[in-house]
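Once you scroll down, you'll see the structures, which are given as structure tokens.
Shared between the two complexes below is subunit A, which pairs with subunit B and subunit C, respectively.
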Partner chain A sequence: MAKQQVISPLPGTFYRKSAPDQPSYKEEGDQVAVGETIGLVEVMKSFHEIKSDFAGTVTKFLIDNEDAVMAGQALVEIDG
Partner chain B sequence: MAINVISPGLATSVQDLGRPGYYHLGIPISGGMDRYALRAANMLAGNDEAAAVLEAVFMGPELAFTQDATVAVTGADLPPKLDGEARESWTSFAVKAGQVLSFDYLKGGARAYIAVSGGIDVPLALGSRSTYTLGALGGLDGRNLLAGDVLPLGAGTAAAEGRSVPAKLRRLPGAQAELRAMPGLYWHRITEASGRRFFEDTWKVALEADRIGYRFRDGRPLEFVERTPPFGAGSDPSNIVDSCYPYGSIQVPGGTEPIVLHRDAVSGGGYFMVGTVISADMDFIGQLQPHTPTKFVSVDMAAALAARHDRQAMLNEIRAMLA
Partner chain C sequence: MAIASLLIANRGEIAVRIIRAARDLGIRTVQVYSQADAESLAVQLADSAVEIGPPAAAKSYLNIEAVLAAARESGADAVHPGYGFLAENPGFADAVEAAGLIYVGPKGATIRLLGDKIAAREAASKAGVPTVPGSPDRIDDPAAALDLAARIGFPVLIKATAGGGGRGIRVAKDRTEFSRLAPLASAEAKAAFGDGGIYIEKLIQKARHIEIQVLGDGDRVVHFFERECSLQRRRQKVWEEAPAATLPGDMRRELCAAAVALAQSVNYRGAGTLEFLYDDDAKEFYFLEMNTRIQVEHPVTEFVTGIDLVREMIRIAQGEPLALRQEDIQLNGHAIECRINAEDPANDFMPAPGSVTALRVPGGPGVRFDSMLYPGCEIPPFYDSLLGKLIVWDNTRAGALRRLQGALSELEISGVSTTAPLHRALAADEDVRSANFHTRFLEQWLERNDISPA
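Entry: the complex of A and B
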């Protein structure tokens, strides 16, 4: 099993859910497929879906919901 | 002969030095947010300083060249790659027909300027090639780039490879930023204590910051001087009778979040302004990332003019070097 990281291409604020009253896209332990959304990054009045480049199990979120994120920063760790 | 846009980046637009002369008619000045970097990119690529370039924010585009050209990338630290191989920023490099220019993740700053020898040859709109997206004016069909776009290039002689601007003539924000501003305009609308706090507080670049205005948050709300609202101003103490908005003016709707108006700003309205960011620091604003802690520093006209002079001297140094 190789550990992979999904990287944010943008600076902004990271969200793990599509709206405050919605469940998180993924929880730790969930399976994720290539191209599946794992969260959103908000910047310049728009939200950008962050999709996984890997298939596997979400082992750890490295950035918390609503925390600031820098371009190039790892958001989530996937074991696949 | 042209450039094919494989992927557009986040909000990449064609910009030149702008479209002055129509602001009083409601058409903003537009142009690159960091015009110092834009001019440098053009000079490195062997263009006229005022040629049209691409302004990429936070994320670079992927561009396929159908002709040989010289390229220079300045501004934000957004490392260019040619066919996947790293190239230096602030340094001209040769691109062959068939090669693909892409970018690594942003390392610092916010906006990169991509100059290509010959310039981006979109039609002039009111004397400028700059894109004003809200008004669908200029640039490529008045909008940001999309995948599949074809960017026409002007005729130009490609400059030599390896021309470079030394590090001391590049300007990028660090972890914290300072913006020099002259208090004025409607400064009298807030109390003296509130005015002091405005310059004491550390503000943070808000997520909404864009080409229209740079918004800041997390400072203490402003405290207004009591008044009887003049006819047309409305009851909110941050409202005024409609007025012109200068480029760089700092409006504070509701007294809570200052917005520095930038290249694509509206030209007038009813929000009071506490002052104006000096011209020497306007380029710098375009390089601020969201969440950057920022302080406004109060300066007078003499300091503002001296800073403008310093900026001009830096530009002249680049000109002398690359002429």
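Entry: the complex of A and C
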């Protein structure tokens, strides 16, 4: 199957969970559906949900939790 | 102890502001910065700069260990927290002092006390300062609740003790409605939060946000009159003035006396602001909270009193007694501040980081522009959207409004969207011009008015 990448439309800080005390939206190896949230990008203190454009298996997060991300940068790899 | 070298544990326009105040006192400045801020104006203007980590604030500006390491490495003997980030973190104030450094602000214990809503309310009551009337704690007996609601006066809010973020709140406008809603609210709270506890609070329907600036040296406290910050969006202040245009003189005296009494009761040291809701119709005010730091909107107070608040707070941190007597502080004229944020008011205030390609800064008498901007600067996406503040002063409010309109027409920021067009529209609005506003005015105004792009 083809490897696909979810791209961040915004620059900012990437979070894999909705709050520090919550579990990650997705772990590597999890199944993901189209439209499912895979993380948040915080830009200037406002939070935007990042949803998967693809269905399949999460194979790799390319950005770590709380790391900086540029607009257009790939966040996660999905084997669909 | 005289400060020789001051570390600025902040960024953006307030870091620039603190550098300027320190420079006026002959103090060397050390600016900490994240990897996203290496080219920032504050880094350029400080005597030296130390990188403290990656862009994310949690890993740089909020990293206490990294800030303290920078202080050790640079030989700074004092730390100024600015506002936001670590500014109201009592653990940070304690850690700075434990490291043998001066913290420019109150003691950690004072920050801790006033940061706790219940404790701050109690401190206010003890000092004789009114808080929003309500039940002091949860109230389970329906008859007692109705009794108390009637004593407070309708309308009242019925709130779930276990609720939060606006959830589990009902408004009762009379006894009948209260009797119907209180059991409902309790049952709902039980279902939603697993706890049916409710408490009641007076609904302040149309109030202004009025706050009093104080300075204390740990012994004596003086006030610098009020600011009005009623124009807010999502609880964020957008436009601030000093003094409050419609506040009667007797109420001004009462508010200032209440603020000094509360600050005095905790032996306040440093710059602080006591926030109140003020009900025009009832001529009553209620203490909300005390901010234990310098505030974004401090320049309007500096304009109408002629006193450099940031310089005074550094002097106090050096152990100098308050240089001012209350009678030295006089109100003169009127000042207005507009917050210039990197947000697009034509597109639901979408954050707008990016590169500033060109900049034209307004000037002339009574005009001040505190900002982090220079032509070509990058606005990183990692921090809040405040780029700077345009502050104007004139003898009268009408004059200040004219100056504001002139200054806003001079201001040009290219490359990123800003809230300047919102301020141009507000400065021309009849209600704003007659100070006919309250804390929910701006959100209602935004529903009626479209902001066309600059």
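The definition used in the following text is that the second predicted complex is superposed on the first by the 80 of 80 C-alpha atoms of A that agree within 3 Å, B and C clash if a C-alpha of one lies under 4 Å from a C-alpha of the other, contacts with A are read in each partner's own complex, and residues count from 1 in each chain.
To be clear about the criterion, a contact is a pair of C-beta atoms (placed from the backbone, for glycine too) under 8 Å apart; a residue touches a chain by one contact, two chains touch by 3 or more.
Remember, it's a predicted structure, so these values are computed and weren't measured experimentally.
Colleague: Using the superposition on subunit A, decide if subunit B and subunit C clash or fit.
Modeller: These partners clash in the superposed model.
Colleague: In the overlay, answer first, second, both or neither for which of subunit B and subunit C A:23 touches.
Modeller: Touch status of A:23: no partner.
Colleague: Figure out whether A:43 sits in contact with subunit B (first) or subunit C (second), or with both, or with neither.
Modeller: both
Colleague: Can A:66 be said to touch subunit B (first), subunit C (second), both, or neither?
Modeller: So A:66 only meets subunit C here.
Colleague: Quick check on the superposed pair: does A:9 touch subunit B, subunit C, both, or neither? Answer first, second, both or neither.
Modeller: The first partner, subunit B, only.
Colleague: Give the stretch of subunit B that clashes with subunit C in the superposition, choosing among 1-9, 181-189 or 307-315.
Modeller: Of the candidate stretches of subunit B, subunit C runs into 181-189.
Colleague: Overlap of the subunit B and subunit C footprints on subunit A, residue-wise?
Modeller: 10-13, 42-45, 68.
Colleague: Enumerate the contact residues on subunit A facing subunit B in the complex.
Modeller: Residues of subunit A touching subunit B: 7, 9-13, 42-45, 48, 68, 70-72.
Colleague: Any idea which subunit C residues touch subunit A in the complex?
Modeller: 36, 54-56, 58-59, 342-343, 351, 353, 381-385
Colleague: Taking the touch rule as given, give the residues of subunit A at its contact with subunit C in the complex, in rising order.
Modeller: 10-13, 42-46, 66-68
Colleague: With touch defined as at the start, can you tell me which subunit B residues reach subunit A in the complex?
Modeller: Touching subunit A from subunit B are residues 10-11, 57-59, 104-107, 110, 207-210, 289-291.
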